[in-house]
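Below is a structure I'd like to ask you about.
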């Protein structure tokens, strides 16, 4: 409560004008994210100004500045990069606009939660990678020749999920990554890459895909090559989209770690609580479920 | 009179848009908004300036976006060693890559489109390799960040760099022999060669210059956002080409104006700003995909304005002949 | 004089080194392809198999199909940046048709879904042509407009959603086989064959090349220059539309954000590597096929060899420039 | 023979092959200081190639070049320029978008602190042009001036370089008489400064008027060299063509043999054509089987008239009748469908499609006609091409050779054939024999005559008065965009000149 005094204040009103800086909107996950924000704003009758940085941290900084210039009541930022977006959070604070960071955080050494911005609501990519590894180790009885389908080269979810996965399997010498290539988070490229890698590495027994779309592409490739996904090759991925749950039910996909894109309700509620003067924790982790054949059917209707 | 309109079709659109936006949106004319606009668009301005000189020789440079990303990584890597290395090393490295572009274009007679498409891939690869596929943080001790984030005489430093570059560019085009040579080559390369103009040297120069300016934009990118980002600069080459064309320059080369290129950059940048502000009014809620459609339409309108202007000019010439 | 005659009894000028260059120039593309092939045959396990062939052919099919349209456009001295977006538009429309209640599960639905999107893409292509002919816009800018807006249009059509479907009839287009060879490979061969015929033997094809070679002269020779240009952009649009359908059929899903991304670069690279002049006036469809195969094989090789993506970019860039440089004409 | 030391230039045993053709075989050329050296030969004889090798635009296969007492090997035109050779290339090779001053001085512009001194540059350019008796706004874009002016600018550029040798490849082909006079004055001045000139032209009169020495080329070889005084025109022509003096037939001075056949039905009837500020009322009629000349000074609107009649430039006003019906000429396509053909004066910009073969260039307009369901009948196409290559004596290694590799004159013949093969009713020819050697010229003129006897109507623009007087049944004279007179019957050059200039002596329009 002491720290909260340093944050800009938000008057209690029935309706706000909110800025929302989205980092990109070129994949189903992001679109579901944006949609949940839009839906919640509509439900509450608030105005939401969404900007789209098209995957560029630089453009995102310009976008946030633009929102500041428009003097919106509060800003939600889903940052592209930790460091580049941090200074602009301070600028918002200086302009008296409270900020909530969503999904990925900003550099805490420059901007501090509870001090410079209200809080961070997010997911933990490294953790996701770990959970995927954990399941795979069990499912393959500590022995697997793995093909890793990576996300867009250099992007933080790709880097972090890889890191988490590799950290976990390090202690299992039977878990061997025999090939790792980027499928750019897309189904089409995931398929193409898998087709090619299958030719070069027919001995593969497991696939770890950095997201569901690539996993679904890999399933198509495996089937075309006459292999049975789920039996000959065990697949695990991350996200928890509807198609992935369907694939789990069909026995083709082993499991997927949820990375919930629906931040809307939580984000807006947090802002309301802040306006009402409630104490906000410095970090709000969106609880991520884990889907496998035991619960896929149950959660299917809710999947995005 | 109408000739003026043609040459300044872009400027006209800019003025109209600017007046419209200042009247409609509060905060549009705020010092904060204008400075942040300039700070960000300075990068595109520098790239477009280099692209301009390439295009007037009848060439094209697709590698600038990757080049800027590469430079930003190098700048971040060099930042612990101080300002000078952080600026000079990336700019020089890029100039060398640009020189290579020029070398392949002149020696092996490969089309600029292909050569720079190759460099588009290569520079991106180099950026990823140099950065270890991670964002490279800028050293905060050396104060390099000031270059992108600081002010000079109350004005953003990147904006100063932009204005100085365009002033020098104008002088170079109008007064320097090599500037005129570049225009001449674009007009008719064979004739220029037969006239005894050092065609190869000029091309080497413009491609090096374009890359060096892209490198400088990359330095600004790194210092302004405190990080070298190997995945930045996607699509910047198209933005730069569009800005040059909106500035009234022919892609076939031989004609063009430096200042109108700046107008093109500002105009294209302002489209984004205006869209954001319009969204903020809350009358309509343009989601991101409608924004892309509107951006395309806007570009269409601006280019149409230009092209109908072109016809006015032709007709006029007959009358004054 | 006499001495030189005695030294070289045959009175022909020394031609040996010259011939090598000429061969390179003429067959540089094929040679590059061959080198890549031999390299893989030796170093990539399981390369020499029907499966590998099929994979490469299916993966290259869309590049070739779009590349053919691009070749025609480039032959007139233009360029088409909008192909990727047009693929997305066509890919977004098809599921809207066959998932529509009126048609769901019917053959008519699938037939319409396989034709209307292609036609729509063709109409957008015509729009490109219209801007270029009617307003004398520079092709790179005219098509940049749809490059930007087209993807937005596709997203608007599908409301930005990923459209997934199970439609075995439609999926045949991308997943079906006939005599063990994928349907899309037949489509590719058909498109190439038609285009070769069009460009070589028809009045329209020769007019395309003439317009690219000298527009003013073509006009004065009575060639309907504006119509010719309009049509090449329309054809490019149609072919992009077809490629869009293939992509969504293979994946049984249509993502307006992703379908056809970066296709313009692959297609242009294929055309250039194939030996077509980017300034127009000279074009080869078979060259484009070879160019696309080279690009595909580079990709395959780098993946199969496990080359990291960052390094792969550098290698790919070098090979593209190298392959084009090989084929350059000697300067007098 | 003079030694290398006495000579300014000595090219020895130059050989040059292009893929497929042998352009030069042991060609040698000697030029003394202060001499004007004529270089002459049929189209494709290798004149331009030899000169381009000299100036570094092409590389030679073998041979030696001595210049100013030293052996040289210019690798680029810049080298040659620095070495003291100024050049006017056959096609106007300047940059239309740049100003006149830049076109004259770029590359050696006056500088101040390393930057261009524009004021001094314009002044200097103006002075150079004034020295040649030309007055124009040097700040304007070169492209806004007529071709002839551009040619004069090219000349100004070459002669103002303080060169020891000025190479002129067909500088007069787009100049009128007055400008040729100016050029001759310039050449004489150069001569008096001990500068040598190599002068290429197909106009024999010009050679005899200005040159000291002459070298004749045929098929890439030198067949004669010596003082011009010692050779007659007939000998010259026979050497060029490789035939005996007796064989060279020459009835008139041109190849025309005019039949005074009574003109029949009108084919084309144009009244009051107006367009922009260039055409202000042109009237003319062409009848079936008639050759009508269109005369006028440079810029009088001849090319504009031709282009307007062919539908290439939209008219503002005027009526056009075609075979007794009024039509609107909206596009070349329509004009072609009606039965017209048009050969432009600017073959590089408006004629050839450089990368395409001779075959395709020749049948460019014909293609739709020899196609079935859009498919070209290649057999028929080849037949037609073969026929015209023979009939016009087009020199090419094969019909598949790209047209850009042909010499200028042969390109012109292909373009003529493009229209002849269409069997048109009316042929509009804008300077059809420009840049064509005497032999070919006579053949083409003869061909035009024959075709007109068979009913073809011809509208011919020419700056050569004798072509008009000998070839045309009637001559329409334009002055400042208006029809200023019409001459029929026995036409004299005198009459035409008066009509062009607007002085007495021209019979008024009938």
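Letters A, B, C and D mark the chains as written, and numbering starts fresh at 1 in each.
As a working rule, a residue touches a chain if its C-beta (ideal position, glycine included) is under 8 Å from a C-beta of that chain, and two chains touch if they have at least 3 such contacts.
Just so we're on the same page, UniProt names per chain: B, C = Sugar ABC transporter permease; D = Sugar ABC transporter ATP-binding protein.
Given the structure is predicted, the values throughout are model-derived calculations rather than measurements.
Contact tally for C-D versus A-B: the pair with more C-beta pairs in contact is A-B.
Computed from the mean C-alpha positions, the centre of subunit C lies at a distance of 43 Å from the centre of subunit D. For the pair subunit A and subunit D, the distance between C-alpha centroids works out to 72 Å. Between subunit A and subunit B, the centres computed from C-alpha atoms are 33 Å apart. Centroids built from CA atoms put subunit C at 35 Å from subunit A. Residues of subunit A in contact with at least two other chains: 25, 153.
For subunit B, the set of residues touching two or more other chains reads 128, 133, 287-289, 291. The multi-chain contact residues of subunit D, meaning those touching 2 or more other chains, do not exist; every residue touches at most one other chain.
Pairwise, the chains that make contact are A-B, A-C, B-C, B-D, C-D. Put simply, subunit C touches subunit A in their complex at residues 44-47, 49, 51-52, 55, 59, 160-162, 164, 175, 247, 250-253, 255, 257-259, 261, 299-300, 303-306, 309-310.
On the subunit C side of its complex with subunit B, the touching residues are 81, 131, 135-138, 140-142, 144-153, 155-156, 160, 256, 265, 268-269, 272-273, 277-279, 309-318, 320-321, 324-325, 328-329, 331.
Those residues of subunit A that touch subunit C in the complex are listed here as 25-28, 31, 35, 150, 153, 179-182, 186-188, 191-193, 195-197, 199-200, 202, 213, 216-217, 220, 224-225, 241-243. Subunit D makes touch with subunit B in their complex at residues 55, 57, 76-78, 80-82, 87, 89, 93-98, 102-103, 106-107, 109, 111, 114-116, 118, 144, 157, 276-278. Contact residues of subunit C toward subunit D in the complex are 13, 22, 201-204, 206-207, 209-210, 213-214, 216-224, 277, 281-282, 332.
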